[in-house]
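Encoded as structure tokens, the structure appears first; notes follow it.
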Amino acid sequence: MSTVIKNGTVVTADLTYKADVLIEDGKIVEVGDNLSGDETLDATGCYVMPGGIDPHTHLEMPFMGTYSSDDFESGTRAALAGGTTMVVDFAIPSPGQGLLDALQMWDNKSTRAHCDYSFHMAITWWSEQVFNEMETVVREKGINTFKHFMAYKGAMMVNDDELFASFQRCAELGALPLVHAENGDVVADLQQKFLAEGNDGPEAHAYSRPPAVEGEATNRAIMIADMAGVPLYVVHTSCEESHEAIRRARQQGKRVYGEPLIQHLTLDESEYAHPDWDHAARRVMSPPFRNKQHQDSLWAGLASGSLSVVATDHCAFTTDQKRYGVGDFTKIPNGTGGLEDRMPMLWTYGVETGRITPNEFVAVTSTNIAKILNIYPKKGAIMKGADADLVVWDPAKEKTISASSQQSAIDYNVFEGKHVKGLPRYTLTRGRVAVHDGDFKGQEGHGEFVSREPFQAV
Amino acid sequence: MSTVIKNGTVVTADLTYKADVLIEDGKIVEVGDNLSGDETLDATGCYVMPGGIDPHTHLEMPFMGTYSSDDFESGTRAALAGGTTMVVDFAIPSPGQGLLDALQMWDNKSTRAHCDYSFHMAITWWSEQVFNEMETVVREKGINTFKHFMAYKGAMMVNDDELFASFQRCAELGALPLVHAENGDVVADLQQKFLAEGNDGPEAHAYSRPPAVEGEATNRAIMIADMAGVPLYVVHTSCEESHEAIRRARQQGKRVYGEPLIQHLTLDESEYAHPDWDHAARRVMSPPFRNKQHQDSLWAGLASGSLSVVATDHCAFTTDQKRYGVGDFTKIPNGTGGLEDRMPMLWTYGVETGRITPNEFVAVTSTNIAKILNIYPKKGAIMKGADADLVVWDPAKEKTISASSQQSAIDYNVFEGKHVKGLPRYTLTRGRVAVHDGDFKGQEGHGEFVSREPFQAV
Amino acid sequence: MSTVIKNGTVVTADLTYKADVLIEDGKIVEVGDNLSGDETLDATGCYVMPGGIDPHTHLEMPFMGTYSSDDFESGTRAALAGGTTMVVDFAIPSPGQGLLDALQMWDNKSTRAHCDYSFHMAITWWSEQVFNEMETVVREKGINTFKHFMAYKGAMMVNDDELFASFQRCAELGALPLVHAENGDVVADLQQKFLAEGNDGPEAHAYSRPPAVEGEATNRAIMIADMAGVPLYVVHTSCEESHEAIRRARQQGKRVYGEPLIQHLTLDESEYAHPDWDHAARRVMSPPFRNKQHQDSLWAGLASGSLSVVATDHCAFTTDQKRYGVGDFTKIPNGTGGLEDRMPMLWTYGVETGRITPNEFVAVTSTNIAKILNIYPKKGAIMKGADADLVVWDPAKEKTISASSQQSAIDYNVFEGKHVKGLPRYTLTRGRVAVHDGDFKGQEGHGEFVSREPFQAV
Amino acid sequence: MSTVIKNGTVVTADLTYKADVLIEDGKIVEVGDNLSGDETLDATGCYVMPGGIDPHTHLEMPFMGTYSSDDFESGTRAALAGGTTMVVDFAIPSPGQGLLDALQMWDNKSTRAHCDYSFHMAITWWSEQVFNEMETVVREKGINTFKHFMAYKGAMMVNDDELFASFQRCAELGALPLVHAENGDVVADLQQKFLAEGNDGPEAHAYSRPPAVEGEATNRAIMIADMAGVPLYVVHTSCEESHEAIRRARQQGKRVYGEPLIQHLTLDESEYAHPDWDHAARRVMSPPFRNKQHQDSLWAGLASGSLSVVATDHCAFTTDQKRYGVGDFTKIPNGTGGLEDRMPMLWTYGVETGRITPNEFVAVTSTNIAKILNIYPKKGAIMKGADADLVVWDPAKEKTISASSQQSAIDYNVFEGKHVKGLPRYTLTRGRVAVHDGDFKGQEGHGEFVSREPFQAV
């Protein structure tokens, strides 16, 4: 059976033009004029764009004996509802656990996914076993990215020695290292200081993770990557300090990528001053929200190219789960949702305001990510042979974001009340219409793992 | 008749993949596997890339009663020989001359072109006539770029007032302003100072145009463009000072493009210290060559994206013409060649050395230019429907550059003796093979004017 | 007769220590313990500091057939009341007028001064006469600084050619060039644009002089000074753009000084949004007040040393005078007061808040200025042989600023209602007590011209 | 007995003037004209300047069972010979050793000093004992500075946690933290890598400590100091990366001081390429010498004020001691001499070349140091009451540096063959002439410990 998207305007990362798109067997088979197929989707007045890719999610992530509340089923359902057709989640071994063992656990979780997905592998400790399994992960498991936490001391944090060893290993294997960049020692000390002073509320979470600690760690990771001879991807770049370090590195010819989150682009630190503990705690994530000047820096980075992609770090905890941290902000589970809202929020605050062009929107939500993760043009492209992961984007469609109508399993939404303009008319995952005008028509288990080849030596 | 390029690896600005390319009627009609056509060009071992676009040439440019020695015939012949399939020249009215009048003159010169071409229009004076004719130039003549000289005092230089007026007019018309950025007042004073001190040789040309005067003018033009609400394109960015101003602007979200020349990327100021007057005078151009640190800055800019395109400012004067300036360096005609050598030199010094990737090579020699000039994907792309301006690039092919074997009409080559690796096996202009393994098979008059639409308001 | 200041803490630009100060014949004759004299001033609980020097005032400045309302009598009275013991005013020739002729006019105005003063000479046009008279001004008239206006097109503005000529002349003569840095062409165009759009109120004054035009001109002046081989002093540095240019230059080893005004450090652009035309018009000065981020930049510059001195640009117009500009903001006389409030405002917002130390306070209000103007240690120092221009500063003394109690001749005060802590107990001009606890005891004509020697070649 | 220095020109950090200096009981008692005393030193043609202070020496430092070869006797003899009248050495506890215990060891070493001295205390491990003893060190032992090594892993290195704790403790006590800033983890890994590859010579020492690791650590220390609310002093700032971090911090209003060494200002990395192992090994120090661009950065920092002082890190090992590292560069004792040559080298390469003024020379060799270490104006000043630590500097006196004529105990000199112009005619330590025209007349044990008070809270 074939499907044709007719009467739309194709928007890719580098081009805008009128064309129809013909799909067969989950792939794009033709882009051109006057195409026809068994099924026709009308795109009149719409942009036909590559489906979004979210390079940073935590679905069903283990946390203190429970899990983050969106699993691969509800999480990918939310993704598709918002125009995102692929997510990349993190397989996170416990310290001491083997990489392959952890990967098996994440494989098991993902069976109900509605859209395609892939994994980053986290390096949370270091040993000869880890060193050796990295090769298997790259060569046999289709994973070319390794995540490193510079914070979360006493848990997943790795030190400079381990970072350098792992980055060098990445260089050998053609893999790309990722970092969560915050100085974990200083964060841990600040947390204890605030608790000791009786500051135990969510606002102290933000105080304990100031921009300076993120900027420092970003700068350090860049240096270590440079010494190891490997590019670097900095997740959730939230502030000018971190952005400055990335810019400076890029200007020296280093290959460094920064990933702002839609949350940091549109929400600010005033959220933590909310008198309602629940309100504030629901916004607790790391790094925390920043002030307006940091937001300006991030937007300028997207426009100028010094920041590369927009993600969510989607990690959804219910209010009940958040309340584990009443009386001790360090126990509030870190994470916010965003999968369903990333694309409409970015369109509304980025494209509608003139900060970025529609082509740049596609670049930062999809194409740049696909290139960096080495899955372009299977993903992130509208061309013959590419996967038919597509979104038919209606720039006139509006809604007000509300937890009451969301796909996510949790009971609130950090964007509650935001009015967005620009929403999917259709979202297609490998040719299958999963969303039509807000109706979800996905299929559990339709999503497949996307294998990613190692990079060749530059 | 159809032509197919077989067995090559297609390299575009964002993708590398094995595919054949099928051409009919001067256009690409298919990119895919196992294509066949009437004529077959073998691309085994080669990269199939969009033909180069040189956004900055001066063919048959008037100068003191004579002309620069490469005209549209020899100039485009040289271009094709080096893999460049389109040039953009400058129509330059004399102060007082109407824009349309000048354009007619340039139209007349271009009839013998071997490859496609377009024009930038220069604004060398200001009046209501100029203001009015700018609209005609944009709406009727297919030109969306206006060049401004901030140097050449007493000739083509415009002052800040005129710049601001013209930039605002560009904003209204959807046109992009270009600047030659040097502080003309200071240059003129320094020239007189050096002459007065008896420094009349070519080396004084470089002394009279230090990096600081270029950096200043770039910074000033950026501010004026920002006030006018229009993007800016800075031609021949040659130094860190200018690059710094561009970087700073881009980081503030301004849309500013920098164009290093292949000459500034690969030749340095030591050329002017050559004891042979002719050697030095042949290298006289504005801005002059800089030192190694400036070169490093330009290369880093290409890698990081803060500089956008590589051009030549090809303006070829014979040694006899250069000798007008014996005894007075200010009378040496400004300009060097480069059209034939830009692509092999950039490949050799950029790709072979690992500074930039093959995809980035395509971006800076073709695709970025096409996008900035609003002719993408007619030019600068390998996709169905695009013009078949293509180069089949043999990365193993080598030669030593020499005036004795060049297409250019002049008697020397500033790259004389440079060994390059990476040369065209075939160059095609709208489907026509114009070059095959160094043999020129072009056709006078084959080249057509490429009309360029105005930009839409962002 | 001798005077001794007893029991105070001497604070200089580089030292804080307990000591008495003994004065005879207008000079300091000893600094030490247990001194005695004919007259004793008690400084218990106070800091004894060099009197302030305001390097930037316009007293009785001609304006449209009238004059700014504070003359040398009321202006220096205000100065002394606030702890400032010397002012440097600007002798401004009309275009076409000789420098010596203008200087004579300013000499005549200054006869009633209560405290010492000196002059900067403005270069408002260029000719052989100007070139020649510059030498006389430096060699015979005791003036080593020349001011240049890059704005005020059609009036005092000089172009780049003239700037470069004058800066080179300064280099020959051992004089320091000063610039009012705004791009006059762009300002003039923006003024016309806003007027044409019907924006004729005071807020349009600020719109027509955005930070970008100041940053540009600063950057340009720095380049021209560098080419001329002369240091540069940038008056009324008001924004990050200008400060950035100064910082960048200093980091390249250039000798560039920036002068923020107390107004820009403490008042912001919201003043122009005041619904009362008078309120807004009274704050009209060039550059206009900026936003908080620019203020932060200026404070950081003072703390880090990238900005050198704090001035006032005191130029006081009455509300009646301001009303010349009703219906056309370009006719509002530019200028605000500040002489009486500079020191208390800077102490309150700088020292009391911890942004700068007491020693840095002395440096930026007095010592740095004296050094830059080459009158140190006659002025700006507490040491044997220095002029006894002193302020006995009571850090506990408070008041609320109000026009009703000020010395200035005008009917309002831009700092109205600001509460300051830190005020003079005594102000001494060459040993004479001119102010005691708010009582003014000065003497008309006591002030003398301070001759300033040219700089030696570095 | 009194001594008078006559006919000289006094040069301080902020002033140059003709005056005599009268000394009694080791202190300056008068600065003025026509002074007389029991003994007269003729300063005709000379500058009378505060004696140099070297804030960074390692005399008789323990190393693998032996000691650095200049002890307090020969080291201070070398210091005085070169115009330096005070040194600040480092008391370095072994990990596990108490601070007071270590201090006692250093006290014992210093009894034979010819000139005054003080100590920094190193924090090489962390415990409650260290925390407690820090208070004693500050309150009772006259030490207000604590040094931290971010390199020398497995020996003196402290981690971020310890740094943060110690910096916070410094903040409480009014002490200033110092850092040796290199990323010790990365250095250790690079050392092992080079050794494993068979690169065991002195040149590998430089490869293992690239500028990037210094820049990173500097940036990190600045952030940690900022979080702790304490200023920071970065010893031996050797490269642009580190300088950039310091500049950036200062521009944000942070109080950070950088200390380039005279070696890094005048010697470059080419020294390590010398074919003679001994030549290269004698230059082994950390950080290693850098290239010319880094030197340019350091000089610009001194001129613009972003770098504060010039030191030596004098730590003299004989060639025999250096040879411990034959076959393993990590065993070459780190350190070079410089005490005798700092002032003449800086004068020759700084003042004679016009990079810095004589006043700036005094500032960076003496006055700034005294202020930062809180001993101004006892040291670093020429004023009544100051210690008569003075140098009568003859700008016309020349010599060629050679180990054969030096005071230092070692058998070579890293500046061998450098021709310097500008040398002491007299050096006085607390009024005692210790050097006259190259003849050493010092007295063992004359030197006294200089107690330094804690800083007050800002």
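Read from first to last, the chains carry the letters A, B, C and D; within each, the first residue is number 1.
Everything that follows uses one rule, which is that a residue touches a chain if its C-beta (ideal position, glycine included) is under 8 Å from a C-beta of that chain, and two chains touch if they have at least 3 such contacts.
The structure displayed is predicted, hence computed values, not measured ones.
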* Steps needed, at minimum, to go from subunit A to subunit D via contacts -> 1
* Find the chain most remote from subunit C, comparing centres computed as mean CA coordinates. => A
* To do: Between subunit B and subunit C, tell me the centre distance in angstrom, where each centre is the average of that chain's C-alpha atoms.
  => 50
* Asked: Roughly how many whole angstrom separate the Cα centroids of subunit B and subunit D?
  -> 53
* **CA centroid of subunit A to CA centroid of subunit B, Å** => 39
* Would you pick out the residues of subunit B that each touch at least 2 other chains? => none
* Asked: In graph terms, with chains as vertices and touches as edges, which category applies: line, ring, star, complete, or other?
  -> ring
* To do: Please give all chain pairs that are in touch with each other.
  => A-B, A-D, B-C, C-D
* Asked: Quick one: in the complex, what on subunit C touches subunit D?
  -> 13-15, 17, 31-32, 247, 250-253, 299-301, 303-306, 354-355, 357, 367, 371, 376-377, 383-384, 458
* To do: Could you pull out which subunit B residues touch subunit C in their complex?
  => 159-161, 164-165, 183, 185-186, 188-190, 210, 212-213, 215-216, 219-220, 223-224, 226-227, 244, 248
